[in-house]
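Heads up: the structure comes next, in structure tokens.
Lettered A, B and C in written order, each chain numbered from 1.
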Amino acid sequence: MTAQLIINGLVLSLTIALMSAGMTLIFGILRVVNFAHGEFYMFGAVIAFFAMNRAGMGYVEASIVAIATVGLLGWVANRLVFRRFHGKLIEGCIAAIALSIGFQQVGWIIFGPHQQILTSPLTGSVEIFGAIVTMDRLLIIGVALVVILGLAWLIRYTKLGRSMRAVQQDSEAALTLGISVNRVAGLTFGIATALAALAGTLVGTVYTVHPVMGMLPLTFAFIVIIVGGMGSVMGAFIAAFIIGFQHSLTSTFWGPQFALGLSLGVAILMLIFRPRGLMGHA
Amino acid sequence: MLKLMSRRGLNWVIPTVIGGSLLLALPWFGRAYYTHIFILIFLNIILAMSYRLLYVTGLVSFCHVTFYAIGAYTSAILAMKLGLPFGICFLVGGIAAAAAAAFLILVTSRARGAYFFLISFSFLGVMNTVFMQWRGMTGGASGITSIPPIMGFTTVTPYFYIILAFTAVTIFVMYLLYRSRFGSELMAIGEAEDLAEVIGIDVLRHRMVAAAIGALFAGFAGSLFAHYEGFIAPTSFPMWTTIYILSWCVIGGVRKFWGPIVGAVLMTAISEYGRMMGAMQAIFYAAVLLAVIMAMPNGIVGLVDTLRTRFGRRQYLGGDTKLGAGPPPVVDE
Amino acid sequence: MAILEVDKVTKRFGGLEALRDVDLQVESGELVGLIGPNGAGKSTFFNILSGVTRPTSGKVFFQGEDITGMKPHRIAEKGLARNFQATRLFGNLSVLKNIQLACHIPARTNIAGDVFRLPSVRQRESEAQQKAIDIVKLGGLEVVSDELAKNLPHGYQRALGVAIALAVGPKLLCLDEPVTGMNAEETRFMMGFIEKIRKEGITILLVEHHMRVVMDICDRITVLNFGRKIAEGKPDEIQGNKDVIEAYLGRPEDVT
């Protein structure tokens, strides 16, 4: 039972981490609260589903196609819609909300109301510490962990990562340093949405795929970036684990609705007493 | 009154009288379905107008539907559990919502901008959980049924007039508020909060009052809704509604008095008409919203201003925060 | 009794010390200048005076009353007004409306009376409007009185900023770089405006970079550098002060 809890907690935490890392990057660098992030997640799963079931691709190929497509879609969305709202919070939010409504509807139209599942490439289960753990969950944990570490490496050690951090601190100063703020913004959006799509393709193997599957992850992502500190990727990681495990534990005993309410309560308290979150800037 | 007598005044008196008469006569020559749609439009107008009050002070809330729900639930519970007459339930429903709003503003006074948006979003979620979980009071997911009607009316027509009357009252009160110095001060707070503060405007107090009055009317609307429908549940107040309220204000134009009304009427009509469009309705709605926010940031009513900005004289005052301009806005200690 | 007494005010932001043990006294009716290189802490100082920020330690006394940490609107009620270095105006309102909004002290807004247009409130409103018109004249803004604040040229906007602060009806007016960005003619006008304000008996604390203006009109000058007070005295004393020159230009050795 405990092992099950831990595994579920890990799966939840890591997928939330993928979602919220992207969202917090978008906020930090573009000053946009991406309400449509859940829909990019959903598109990841939906595109992978079609790639597997209509085009006959394997899981890995389908996932790559889905992630690349969604990343591109994110880049385009920034170019066409969000670029004019950089820094304008309310207008950007409303545009994101509009996209969210539209994308969800597109999901309904092309996917239909029946929930489906993505077939995971790994089947069977192993025994860990005396408990049975399914391989598909392990896959999620493994992949998510690797990608998260990769993201951390990207931000810390690569030129792009440095440019991103520079733009987040002060976009005008970054411009004088020769950094193309627009290019960084576009890449950030693309990377963030690709991460969301990855989370979608992973989760789609264990939980169902359907047009509104992005709403709950979106809510979680909000909570996490609030608690972790808006704009801080490290904060998002830490908060993702806190919230993920909290949710797993609480929902086992008191149901998912209550667990969500509790997380939201934590978010409110954080916003009242420490608005910058765990690791946000003062 | 003297203004009405002028040339310009006379120009809109006649259409108003004709339109008003048509409106008043609607229940007699329209189907009950249309009367019902108009009731929804009236309620939405109240929601949009009451939302704008806090919006103009620069606080974009995400939980206006929650105040609507608090009013509805409070009113229904008082009627069902304590058998109180509608009038009392109505008043207490509004007051409960107003108190919640004032408290929310007070408690979040240290947060600004993006943070308030998120706090209100969380508040919406928390209250939704409360409505779902507190089965003893709220009936949980199944909600409350058989809510007593207003003054025993069981057909749609009386409700049409009652809610229309209350909508008119709401519009009138809002008119008085915006015309007053208090209203100007609210708009000043939205324009330049720190300037307002140093010229002696108590920003926190003003915002609390604005939030309370806004929530009061939302709560009243909620009570009317509950006793009209006879049934409420958490699904009656989805998160989408709060997004819609925001979008009505944006589409109609938040800068001008009539903006939210235009937005509410137009978008409610579109979405009802769009039911016939089936799946495309939501996409159409989203497209309209996106088009408006991109091309007409001042909304429909503010179109003149937008055009003047685009093609008219230049402005000298900029002011939007720049891309990634350091840490998000946080009040200092 | 000094109208303003600042007592060992210190302000730290995280690890950064913006102000350190700053003392300042301003007598009623004076025009005191506050100068210093960029980053010396002048804006922070103003923010503390007007209540926008709390000091980490130290006290501020206005007319004998401790106003340290009071909220900005209460400090405005007490009679301390300021303008902003970065132009802050109610952009979408007219010039007259901008000024009128500030003309409401000493009475607090009585919301109910306001909304329902009680006679007492209407009386106050017409008085406020008259006062606003007077200040528009004083500030030379009649020409643009009905123009939206955001459409004004820079010079007029700065004048409006000062006019708004004046409309509060202060005993002490804190001006933050009123002539920055102005050409010679506008600067002359602003100096005249400030003189007129002074004749009304209002005490003025002036932050400015324009040395000629400062030396010409100030009775006394205080100099800040790196958050500390490094000199204080009459304009000619300050002009010759070694520390002040060093603060602005660096040491002679550094130049070679």
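FYI, contacts are C-beta pairs under 8 Å (C-beta built on N, C-alpha and C of every residue); 3 or more make two chains touch, one makes a residue touch a chain.
For clarity, every value in this text was computed on a predicted model and none was experimentally measured.
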item	value
Common touching chains of chain B and chain A	none
Chain whose average C-alpha position is farthest from chain C's own	A
Most heavily contacting chain pair (counted by C-beta pairs in contact)	A-B
Innermost chain by mean C-alpha position	B
Intercentroid distance (Cα basis), chain B paired with chain A, Å	32
Averaged-CA centre spacing for the pair chain C and chain B, given as whole angstrom	39
Chain A and chain C: spacing of chain centres that average the CA atoms, whole Å	48
Multi-partner residues of chain C (each touching 2 or more other chains)	13
Residues within chain A bordering two or more other chains	282
Interfacial residue positions of chain B with respect to chain A in the complex	60, 107-108, 110-111, 113-115, 117-119, 121-123, 125-126, 128-130, 132-133, 243, 246-247, 250, 279-280, 282-283, 285-287, 289-290, 293-294, 297, 320-328, 330-331
Footprint of chain B on chain C - complex, ascending	13, 50-54, 71-73, 75-77, 81-82, 84, 87-93, 97, 101-102, 104-105, 109, 111, 114-117, 121, 125, 149-154, 157, 164-165, 167-168
Of chain A, residues touching chain B in the complex	27-31, 33, 81, 84, 86-91, 93-95, 97-102, 104-106, 108-109, 167-172, 174, 181, 185, 219, 222-223, 226, 230-231, 257-258, 260-261, 264-265, 267-268, 271-272, 275-276, 280-282
Chain B to chain C touching residues, read off their complex	176-177, 180-182, 184-185, 187-188, 191-192, 194-203, 209, 255, 313, 315-317, 319, 332-333
